[in-house]
Structure formats: structure tokens, C-alpha cells
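You will see chain A twice below: alongside chain B first, and alongside chain C after that.
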Partner chain A sequence: MNGYAGKILRIDLTDRRISTIYTKDYEQWVGGHGMGSAIFWDLVKDKAVSGFDPRNIVTVMTSPLSGTLVPGASSRTEVQGIGVQSSPIEWFTRSNFGGRFAPMLKYAGWDGVVIEGKADKPVWVDIRNEDVKIKDARHLWGLDTWKAQQEIWKEVSGHGFSGWVELDSERRTTQRPAVLTVGPAGENLSRTACLIHDAGNASGQGGFGGIWGSKNLKAISVIGTGSIQIADPKGLMEARLWAQAKYSMDLKNIDASWFARFGRKRPQNRFWDPHESARLQACIGCHLGCKERSDTGYGNESTCEETAFYAGYDKAKHGGKQTSAAYIATDLLQKYGINSYEATRGLTYIRALQRMGVLGRGKRLECDLDFRKLGETEFADAFLNMIAYRKGIGDDFAEGFFRAAKRWGRLEEDLKTGILPYSYWGLPEHGYDPRAEVEWGFGSILGDRDINEHDFNFLFWWPSGAIWAGKTPQPPAEQVVKIVAEKLIPYENNPLMLDFSTDNIYSDHIAKLVAWHRHYTRFWKQSVLYCDHRWPEFINSKVPGYKGLTGEGEPRFFNVVTGKKFSFVDGMELGKKIWNLDNAIWTLQGRHRDMVHFSDYIYNVLFAGSGNYAIYYLPGREKGWWDYICVNGRHLDKAKFEEFKTRFYNLEGWDSRTGWPKKGTLESLGLKFVADELEKKRKIGV
Partner chain B sequence: MSMAKLGDPSHELAMRVLTEVDFELRLNGFILRERAGALPVTMYSFEEIVSLLNDPYPRVDFNELEGWVRETVGDAELAERIAEAIRKGNNDQDRTYLIRDLMEERLSQCKMEGYYEENIA
Partner chain C sequence: MGGQGNRRQGKKNELISRRDFLKFTGTVAIGAGVLSEIIWLDDAIAAIPASEGYLLVDTKKCQGCLSCMLACSLVHEGKVNLSLSRIQILQNSFAKFPDDLTMAQCRQCVEPPCVEVCPPKALHVDIKNGNVRTVDVKKCIGCKACIQACPFEPGRALWNPDKKNAMKCDLCSNAPFWIQKGGVKGKQACVEVCPLNAIQFTKKIPEQKGDTGYKVNLRGESWKKLGYSKD
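After this line comes the complex of A and B, so read on.
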């Protein structure tokens, strides 16, 4: 089994039993999400239990590419199980993080970890190659995520952070163990709690930190000295050189006009001001690196949303100057182990309530936070500490701000106005608003979570920046949609799939776009675990005709590692199969099309005001001509979205009255056993 | 485009510039990032707006901002100058920088008045 370690670690915390699942038994699902969903299907008999129920399991899966030299594909780890964040049902969901964990797990000889049951007291799992022990974690319980990792590093290496770690008389390494852990938020069963690895890698969505807390599981540590068999090592090196020569930018001679994703220039993905002195830090195997370590020691490895949490408040408080408060606040998120989307949107929300006179000292919603200190480290720490330890009204915050609003009797009103920006499944809005960038919102509401898949966001970013600066966006919209549409196999060469004009967003074309996206990501990104930062690449300005790596790159790297002969279409088909398995699980959890709708403000409130001031552009047709068109200043039409759902369900072969998968669809995908189970439970589509 | 200096603010105006407003008088804007989309920013003070305008990718409706300065803050001179900047800017990036500079100037004048600490909510 080239690319695989060959076995999956199964840990029953209730009985403290350690056993093995042979990877071969699940090889048809390839890895990551596909394997995780299949294992979940087999092991969790009652799929409608709460995420906090000991019968829920958590899978932590790698892929055949993990730990290899495939660029932008070596480091991701897929986490699955019944989550605790969404509402009204705690959906079977997923999350994903980078760093060193997946490669180290493979080097130790494991393709994944399956966690079952609940320990009777706090434990951590110590994996040293094939040697696995469940250990007492009472001395770690209560530590933040960074201190817990430091303690485990010391315990495993025996002598601090340098020198050799001897695993036995013949095997040793200079590497630190890779540790995945929860902080106080997880220990206290917050639905906003994350799993944290190293300084800034978080499995953030789904509340998996709280689920580990409910299982009394503090951490999993892994260190390995093995390696991974590659089917065609020479072919892998040739593929890397091919990708570098054809798609990578010359980082020493950067041209601001370049555009690319796989081979791009240094990423600009932070909300705080750049560190004065920092070096790039990359996940294992990555050819670029999107994280940093600074000379201040603050904000290390954090990127994306968590850097937005406090950057603006800090500047507003300190005369426009970015101080250490912004970086330290982000570090606190990581240390407490709190989901940054919940914290950021939640802080905006409770501040609105404070300005309304509803929340504060002596107010209806009693809250001790001193908002005069907003922007100072002291305030950020007080806010996050309340969540992590459920202090005072923090007990409500820890449930997530959707559930908090419900407790306060404000949910309906605040979703109607949108001051609680939670657009789907009780989850915080990401920033690609469903009213504008519909593939993101539609994919989220038809799935289980904020998809957090940035595959089409370049379509908004380039024109929105260029037009703001008074420039003509390049390449033109018509050329861009043509290039991208060629790659949307098996729906290729239909540019209307990328027409974001209001007249088109409920059409069969957009249904195909959403379906393509669900199938692509379920396989290539969440099962093979190509990184969302680098894949897919539709467009690359270095290549004549601007055609990016996607379509050719994914199967080429996959095949040289595994020795399989997978085509891009094979991957899309398997992605569809995995997506259908997930929908079957949601169906057994209680999903019905009647509950698949956005929060009221998405239908009632215009996105970003009247639209007189244009901020958000996407490709679209106006009077028959392609252009980048303004898509803010609109809301969704509820009746038309219902029609869209019918189109989407029909396209997927699901029952349009219920949204449940049909028997014929499941059987055609090789999922007869799933169809049989749904039929037995009278939840099969007709 | 060169802009003449703003006149000195009165004591009362300085206090209004440095005071947070209630929920109903808030101003909404966004900051944009490729991998985060449009992050909504709710602003309750003049200084928060200046902070937003200093972001590399800020978005705010200039006409709403002009109205906010005129009606909520009661700074007619600054509102006129913002209106002028909206007219004269070649593009939204230009307008953002012109308005940012004007608001920074006003904020700096007001802070020199020395009423900052006691007037924030």
C-alpha cells in the first residue's frame, strides 16, 4: 500500500482498549474525510446521539500524501465526528488543521486515530511508533494548550527541547512530538472550543475541543521514526520540478501583477500589521509557508481569522498604532483553545448589546466586562477567560453566541436584523456572504458547516481591489470564466456556472457549481488533503493562456505516490460518493429539506447597504455581456432559494421533497449498504 | 490633491469627536482580505473610523460617512471637506486616503484639547 502506513489506531477510552483497524479495509475511500466518514458509519450505530455522548467518535485522519514531498499536501489532518457547535441539530461535521501532526502520525506507522468512549478521569495518549499508551493527564488538566504541549514534549523527550529522543535502542529522532490538545475551553465543554497543535494550528469548527473535553481526553502526542513508501520516487521528484518550472513564481523578483495560487508570492493573509522582524514558517512539506515566527514571540504561526479578532480594537485604542495587544489577544485564543470566528463575531455582537444598553454592569444581561478597556490586553483576556471557564455570563458565551442569544430571548429578533451575523446552522458568518458569493453560502447550508473552502474567492478579490484602486481588473471577466469553466469537470465549459448576477444565482448552472465544489473538496481537499491555501489553482499568470495547475496536478502527484491510476474525474466521482455518504448520515440525524434555510436577515437585509457604494465584485453578465459586477446591495429571495434547492436535489439524485438520497443514486455510487440502512429507518428518498 | 488645514475645533466639538455613540448611531464598514472576504466592522467612534481607514483594504460608504460626520458628530466643516474629497478623488482608493488624512487631522486636533480620557464611554 504505497503512501499508507497500513493501520489505523483505535482507542476506546471507556475500556482503555487499544486496537488496530487495517487501512486496507477502508482503502476504497482513499484517506482523510472519505475514510473518516466510512469509519464513522461503521462504528456509530446511533447516528442521532449528541456530540457529547460517549457513543460519538472522533476520527483524526491522514492521507496517502501526508508526510511526503507533494507540495501543499503533506501536512493536513482531517477531524470528524458529530459536532456540538451547529443548531438545531449537532451535525456530523469536519474540521482540518496543518502543521506536523499528520506527517508524524504516518512516520509513527499510523494512517489515523479513532477515538471512542469516555475516560473516567483525564488522560492523554502517548504514541511512540507502534507503542501506544493511555496515560494519566491530571497534571495536564487545567493547563493552556501551549503549556500542555511543553509538558508533553519534556515528558517524551526526557530532557527538554534539544538533542535526540530515543524511542528504543535502534530508533531515535531529533524531532519534537507532534501534540494535538485542548485548552481550558475544551475541558469546560465549550461548544466553541478547538483542538490546538503547536502554536497556531487549530481544528476550529465543530467544537471538537469540547468533545475531547467530554471524553476526558486532554491530548494526543505522537512521535515516529519511520518513513512512507512512495510508488514512484523519481516520478514524484519530476512532478515537483515540473510544477516548479511551470507554475511557481520567481520569489526573488516579484512582480505585483502576478496572480497564482499554487506558486504565488508571499501570502498576505493577516489583519494585523506585519511583524517588524519575522521569518516564514511552513507546515511539513509545504513549498511556500504562510505562517510566521516573529522576534517578539507574539502571534507565532497565527494567520487568517484569528488575526482579525483584536487588531482593529487595538489600533482604535492606541491612536492607530498596532501594539502587542493584538498579537497577544490572538495568542490567548490559541492558548485557551477558542474558535476565533465565534470570538470575533461574538465580541461584535455583545458590544452591540452593550451599546444598546442591554448588556453590561447592572443591565438585563449582567456582564462584568469593562468596555472602556476594549483594545487593551486586559479586556481580551477577561473576555476569553469568561468563555474558557464559563464565568458569569461567559457560561452563555461558551455555548456559542447563537445559543447564547437563544438563552437571552433575543435570537429571532437579532437574526432578523442581522446584528447576530450567524447565517447558517447557528454558525458565524465567514465573510463570503451568502447574499453575494453564493457558492459559499449555498454550499454551507446544503452541508453541515461554514465550508471554509476558498476555491473561488479570487473571483471576488482581484476585481474588488482593482476597481477600488481605479484600475481595470485583469484578466477580463469573460476570459477568466472561460478558463475556470474548462476545469469544472464533469460540468466543463459552462461559463454560466460562474455568472453571479442576481438573475442567475438560483439557476441549474449555479446548482452545478455548488455540486462541483462539494465533490471536488470532499475528495481532493478533504480526503487526499491538498491544502486549501494552495489548491485548486485555476489561473496562473506565468502560464501562457493563464491556465493553472488544477486538473492535471492533483492526479499526477496522487498517482506517483500511490501507484494508482486515478484520473481527475475518478476523484470527482469518489467525492460525490463521500458527499452522498455524509448526506445519508445527516438524514439519519434528522435532516429534512424544510430545515435547510438561511437566517432571516439573509432574506430581509441588503448585504453591505444599499449597493450605492460598491465593494464586492464578481463575474456576471449584464445585458448579455460579461463584466465584474457589483453584488453587494442585494439579499436572497426565499422562494427562489427554495426553487434552487429543488434543482440542486434533482441534480444530485436526491428526493426533492425531503432532500434525502434516493436508493438508485446510492446504489449507483456503490452505497447499497447505506441505502439499505436508510430504507430500514424509512428515510430513503423516493 | 492638496488640502487646506482644518480650523481649530471648539471645545464642544472636540468632546463630540472623542465620545462613543449609541447603537443606533453606529457606522458600518468592512475590511477585505482575499482569504477572509468582507469582515464587517461596526464603529461607534470617530477614532474607530480612522482606524478602519488605515487598514490596507478598508471599505466604507463615503456618503454615509459624510452624513455621519455632519449629523452625528455635528462637524459641518469636516463634512464639507469630506464631500469635496468625494468629488475630487479619482477613485475610491484616492477618496479613502483623502478622507483618512482629514479625519486624522481632526482627531489629532481634538486629542490635543485634552478631553480624551474622560469622554470615552
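After this line comes the complex of A and C, so read on.
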């Protein structure tokens, strides 16, 4: 099988039974999310159980491209299962991560791992090629994620990693095992706990750390020495060199990439001040890394949101100058294994409560934190430690700050004002506010989580950054939306899909944008595992006409590896199928359109900018003219959003009264077995 | 073998002396019956022409993506496999830059122990391809003497467990799964694919003593534009 290893590892922790699922049985779903949803559908009969129930499974899936030379698509692993973070329903959800895990799983001969049941004592899974053992994790339980991984490395290699490590008399590697582990937060069943791999890769959302903790699973380690078959090896090498030459950053001419996603001029993805001295670091096979490793060892491999956790407080405490506290606080997030979004938004929230005199030492919400030390390393450690170990009010924090607010009797009030910035499904708002960048909020509320899909986010960053710097954004909005719209197949050439003006945001055009986004991400990004940081690419300044590689790149790489003949649209259709399967699962979990609503503040409070993004620009039409318009000062209209939902459901072929998929829609997608199940449970759309 | 052993010990040899000499002679002794035709180093120096090509690496520039390793196995074997890559990158997520990563390319040694030790002369100097030190797989008997002989850590000669022969960097002189011409007059897959140009091909013989000949600074002025020091 080209691209695939051919087998999926199935581990029943209850019976300590190891078995195999043949990848061929799920090949129609291609990989990653598609396979994970399909396997979940088959193995979890009662889809309404809690995420902490032993009957929940966790799928850890690769794609046929994992471990190959495909740029920005060789390293990610997709994790799925019933989550424990969202509210009021623990949605079946997803969270993926980069690094070395998916490639190593493939080299070991596995397309994925399916975890079922619950072990009676802490265990870890030791995978060495085809040899799989469930081992006692007594000595690992309690260790932070960095110590646990290094302890496992020692155990697997024996004598260190300066040379070849022999797995047996014939097979050797110079590589360290790839380990995915929980920290103390997961061990203590926090709903905010995540899975950590190496120093800074995390499956952050969904609370999978707590789910593994509930299963008594500490870690999965994998080391492999095998090969991945490639359908067209010459074609893969050519495609790789083509993409790098045409679209990626050229060190001899960096400025040409003044705008690109695939070959971004500033490749590092960080919000803190740069290290004194560091290396640019990449996931396996990536053509342009976004991570770093520093000369202090602080902040290794952390990127994006987690680098924004503490830098602001650090600077405020130290006269505007950042210290190592910013880095160390992030490292603590990784070591305790706590989701950076919960920690960051949660800290914002309790700081607000502390300022109100509601929370603190001796206050109504007793909290043993010295807020005078906010900005110092010790405060961050105390805060994260109390979450990880559920100490004092940390027991509430560990439930996620939405559930904490509920326990405190403050939920309704704080969602009305928005001091609790949790806008969808009891989850922290990402930072690209639903009142502003609507495709983000709409995609999130119509699904299961903060989407964390940056596909259209450049439409905010690019013009806003220029305007904040006192410049006129180039190219102009009309030109940009035209180029992007060309690539929005099968809804191509409708620029109104990118009109973020208030008059347009509830329209059929935006419904199509949201639908395109769901389908593209479910297949190309979450099943084939093209990385969100480099894909898709609509605009690239190095290329004549500014056209990015999306549309051509995705199927080209997919086909040279697998030997299949997928078109871009084939992928979009499979994405729609997977999205429908997910909605069917949510339907069986109890979903109804009446619960599909943002938190109150989204409808009542005017958007005043998101923290550092004080003034938010997006393309839009005003009085018939395209421009980059400021979307501050608006809120969503609840009644109009209801209408939007109806438009979206109609577009997707879902019952507009309930939001449930219709029988005809499911059958036309080859999902008759899903329609039958929904019909049996009397949850089919009509 | 005693007389010749003394001769070996008497002659200063930087490369061989790094290895555990006992281990080396132990290996030789086991196959003594087969290895009667061993070429001794001092005789060899005159006989082995220098390679016309070498790989230089910048260990501070490397981003640890392993693309070089993936490309190497891809163009030689037609599939991707880190354990079948003739260049190896080792890294540690928890270590401090620049000690978090090492690059292990074959040095195409001027005095190659792997060539000297090969009993059937499978690992030989390919005079048709710029004197690259390379394995003729038709002659390889799988004794792994070359793998033992490489004085560097990790050893640059590899074992292919599927084909049961040794292999090593040939500067892509025989890379059948690439449309590009390889070898000393052509291109190398690792050099072409490295996104940051952290691997360079040169015709000039690098300093053989220590690492400074092979681990060089390839960063240049443009590197500063990424916010990093070029020193």
C-alpha cells in the first residue's frame, strides 16, 4: 500500500489485549480524521457516554503522507474521541500535534493507534516496530512530561543516543523514540489537560490528557526502522523541489516572500521576545520550520499561543522588559501538560475577579495566589501547579474555567459581560472574535470546538498589520478577494464569500465560506494532515499574479505518494462526507439547533478589539466598494444568526428545524448506514 | 599477524586511533581466514585517490527537519526510511542550542578505513565516479566490517536489513529514483532538498583532522534577516 503502513494498532487497556485493524478496511476515509471518525463510529456503540467513561476511545491517527517528504504535511498526528472540555455536551472532538510521532509510528509499521477501555493500574505502551508491549508505568506516573519522555528514552535505548541504537541484530536507528505523554494535570483528570510530545508539541484541546489519565495511560512510545512505500518516488522529489523553489522562502531573496503562508518571510511562530541565540527548528519533513530551540534551553519548540501565555505579565512586572519568566512559564505549561488556552484565558478571568475583589486570599473565592507576584516565574508555577494537582480552588480551575465559573455561581453574569472570555461550547475564545472574524466563530459553533484553523486569518493579519504600522495595505481588498475566491472550489469566483461587512455576514455567501472551510479542513488538513501553519495558501507574493499553491499542491503531493488520482474537488467531497459523519455523531450525542448559540456577550457587548489586536480589519464592501473595513464596535445579532443557521443547514442538506443531517444527504454521500442508525434513534433530519 | 599488528600500531593514524583498536583487531581476527588480503594503511595511502567531492554541513543552521534523510533514502531506495539514509541528523528536544543537534555526513575520507577493511573490495573507490567511496552491492558479502571500521559516531556505513548489504554515501552517483544527474559532476539530493542550505557540496578536500573541515559556517548575511547570528 503506497503511503500506508497497512495496519492500525488496537489496544484494549481493560483486557490488556493488543490486536490489529487492517488499514484497508478504512482506506475510503484516507487517513487522520476521516479514519478516526469512522473507527469511532464502529467501535463506540453508545455515543452519548462521557469522555471519562472507559467505553470512550481515543484514536491517534497518521495519514499516508506522514513521514514522507511532503512539505508541511509529514509530521502531524490527529487525535480524536469524546472530549471532556466542552459544555454542556462533551462533544466528540479532535486535536492534532506536530513533531516526530506520526512519522515514527509509520516507520514502525502502524498507520495509527486506537485506545480502548481502562487499565487497572498506570501503564505505558512501548512500540518497537511490530513489537508492542503494555508496561507498568509506576515509575513514570507523577513525572512531568519532559522527565517522563527522557526516562522512556533511557529505557528504550539503554545507552544513549550518540550513535546507532540497535532494536535487534539487523535493525538500527540513530533516532530517539517519539513519545506522547500526559503530565500531572492529565493524571489528575483535569479537563484542561493535554498530550505532550517532545518539548513543545501538544494535542491541546479536548482534554485528552485527562481522558488518558482516566484510562491510567501515561504514555505511548514508538520507535521504528521501517520504510514507507511511495507510488512515484521521482514524482515526490520533483514535487518537493518544485514547491520549495516556486513558493517557499528563498534565503537569497527573503524579501520576495513579504507575503506567503507556505514560505513565510518570518518563519518563526512566536509572540514572546526572541531568544538571544537560537536555532530555527522544524517538524519532520517540513520545508520551513516555525519552532525554535534556544541557547538557554528555555522555550524549546513552543510556538504561537503558548508563547503568549505569560510574556505580557512578565513585561508589565519588569518595567516593560521581558525576562526568562515568559519562557519558563510556557515550559511549565508543557511540563504539567495543561492546555495553554485554558491557562491564558483563565488567568485573564481570575485576574479580573481578583481586581473586582471577588477572588484572592481571604475573599469569597478563596485563592492562595499572591497576585503581587504576577509576572514572576513563581506565580506562574503556583497557578499551574494548583491546576495540575487540584489544590484548593485549583480543583475548580482543573475543571476548566467555564465549569469553574458555574461552580462559583458566576457563569451567567460573567458571560453576559464577557469578563469570562469563553464564547463557544464552554471553551476559551481563540482571539479571532466571533463578532469580528465570523468564519472562525461560525465554524466553531456549528462544530465541536474552537476550530483553530487559520485558513482565512491572513485576511485580518495582513491588512491590519499594515494599517497599524501606518501603511496602506497592498494589494487592495478587491484584488485579494478575487484571487482567494478563484480557489474556493466548488464555490469558486464568488468574492462575496469574503465580504465581512455587517450587512453580509449572515448571508448565503458566508454560509458557503463556512461550508468550504469545514470541508477543506476535514479532509485536506485533518485527514491528509496538511499543517495549518503552512496550508492552505491562497496568496503568495513570490508568484506572478500572487497565486498561492492551494488547489494544485494538495492533490499533487497526495497522488505522488499514494498513487491515487484525487482531484482537489474529490478531497472537498470527502471532506463534506466526513463533516456529515461528525454531525451525525454529535446528533447522537444530543445536539439540536437550539443549543447552537454563542455566549451572551457575543450578542450584547460591542467588540472592542481582542487584547493586542486593538483594531480589527477585514475585507468587506461598504456602499458597494471593496476595502479593508474596521469591524470593531459591532456585536452579533441573535435573530440574524438564527437565520444564518437556517441558511447554513439548508446549504448542507440538514434539517433546518433540528440541525440533524437529512436522510437524502447522508445517502447521497454514501452514508446510508449512518442514516439508518439516526433513523433508529429517531434523530434523522427530515 | 603479530608483525603486521606492530606495523599498524607504529604508524600514527588519527582516524583509526579513535576507535577501540582492540575491537577492530578482534573483528579482523574472527574473519582471519577470509581477510588474508587485508590492505594495510601505510600501503593504502599511496593506492587510494582522494574523492573529488565532499559534503560540508552547518550544524547551527540545520532545522532538524530530516528532509535530507528522507530525500536520501527516497532517491536511492525509492521509499522513505530514516534507517536507510546515508546522512544522519540526531537531535534532542530538551537540550540547549547548539548542542541539541548533530549532523553526521560521510566524510569521503582521504584515508578511508571502510575501504581498507572490506575483504571482497565491495566498498571501493569508484574511479569512474570521482573516486567516491561506495559499496558495490554485487560484491558485498555482508560481513559488516565497514560498519565496524568507520571511526565516527554514528558510523557512516549502514546496514540494509532488507537487501542484506552495506551502503554508504555515494554523493548520489547512483540515485536511480531522481531525474537529476548525481555524483561529483552532478547534484546531491540532500543539498538540493535542504530548505535552509545547511549542506554544501565542495570539490576541495577538507581538513581531515577534527571536525572543522566538515562542520562549517554556511549562514551568511541573509541569515541575519531571520533574526539569527551569522557567527
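The rule is short, and it goes like this: the second predicted complex is superposed on the first by the 675 of 686 C-alpha atoms of A that agree within 3 Å, B and C clash if a C-alpha of one lies under 4 Å from a C-alpha of the other, contacts with A are read in each partner's own complex, and residues count from 1 in each chain.
Operating definition for what follows: contacts are C-beta pairs under 8 Å (C-beta built on N, C-alpha and C of every residue); 3 or more make two chains touch, one makes a residue touch a chain.
From a predicted model like this one, the values you see are computed outputs, not experimental measurements.
With both structures placed on the common chain, the touch criterion links A:N457 to chain B but leaves chain C unconnected. When the two structures are aligned on the shared chain, A:N504 is found in touch with neither chain B nor chain C. Within the superposed three-chain arrangement, the count of touched residues of chain A is higher for C, of the candidates chain B and chain C. Of the two partner chains, neither chain B nor chain C is touched by A:S50. Once the two complexes are laid over each other on the shared chain, residue contacts for A:G609 go to chain B alone; chain C is not touched.
Contacts of A:T323 after superposition on the shared chain: neither chain B nor chain C is touched. In the overlay built on the shared chain, the residue A:Y432 is in contact with chain B alone; chain C does not reach it. When the two complexes are overlaid on their common chain A, residue A:N269 makes contact with chain B while staying clear of chain C. Across the superposed pair, chain B and chain C both touch chain A at residues 267-268. Contact residues on chain C toward chain A in their complex (touch as defined above): 60-67, 70-71, 73-75, 77-84, 88, 90, 92-98, 100-101, 104, 153-155, 159, 161-162, 177-179, 189, 192-193, 195-197, 220, 222-223, 225-229. Residue ranges on chain B touching chain A, taken from their complex, read 20-23, 26, 28, 30-42, 44-45, 47-48, 50-52, 54-55, 57, 59-64, 90-94, 104, 111, 120-121. On the side of chain A, the complex with chain B involves touching residues 267-269, 271, 304-305, 308, 312, 315-316, 319-320, 348, 351-352, 355-357, 371-372, 421, 430-433, 436-437, 440, 454, 457-458, 460-461, 464-465, 467-470, 533, 608-610, 612-613, 615-616. Interface residues of chain A facing chain C in the complex, by the touch rule stated above, are 67-69, 74, 107, 146, 149-150, 161-164, 170-176, 198-200, 225-230, 233-234, 236-238, 240-241, 244, 248, 251-252, 254, 266-268, 274, 277-289, 293-297, 300-301.
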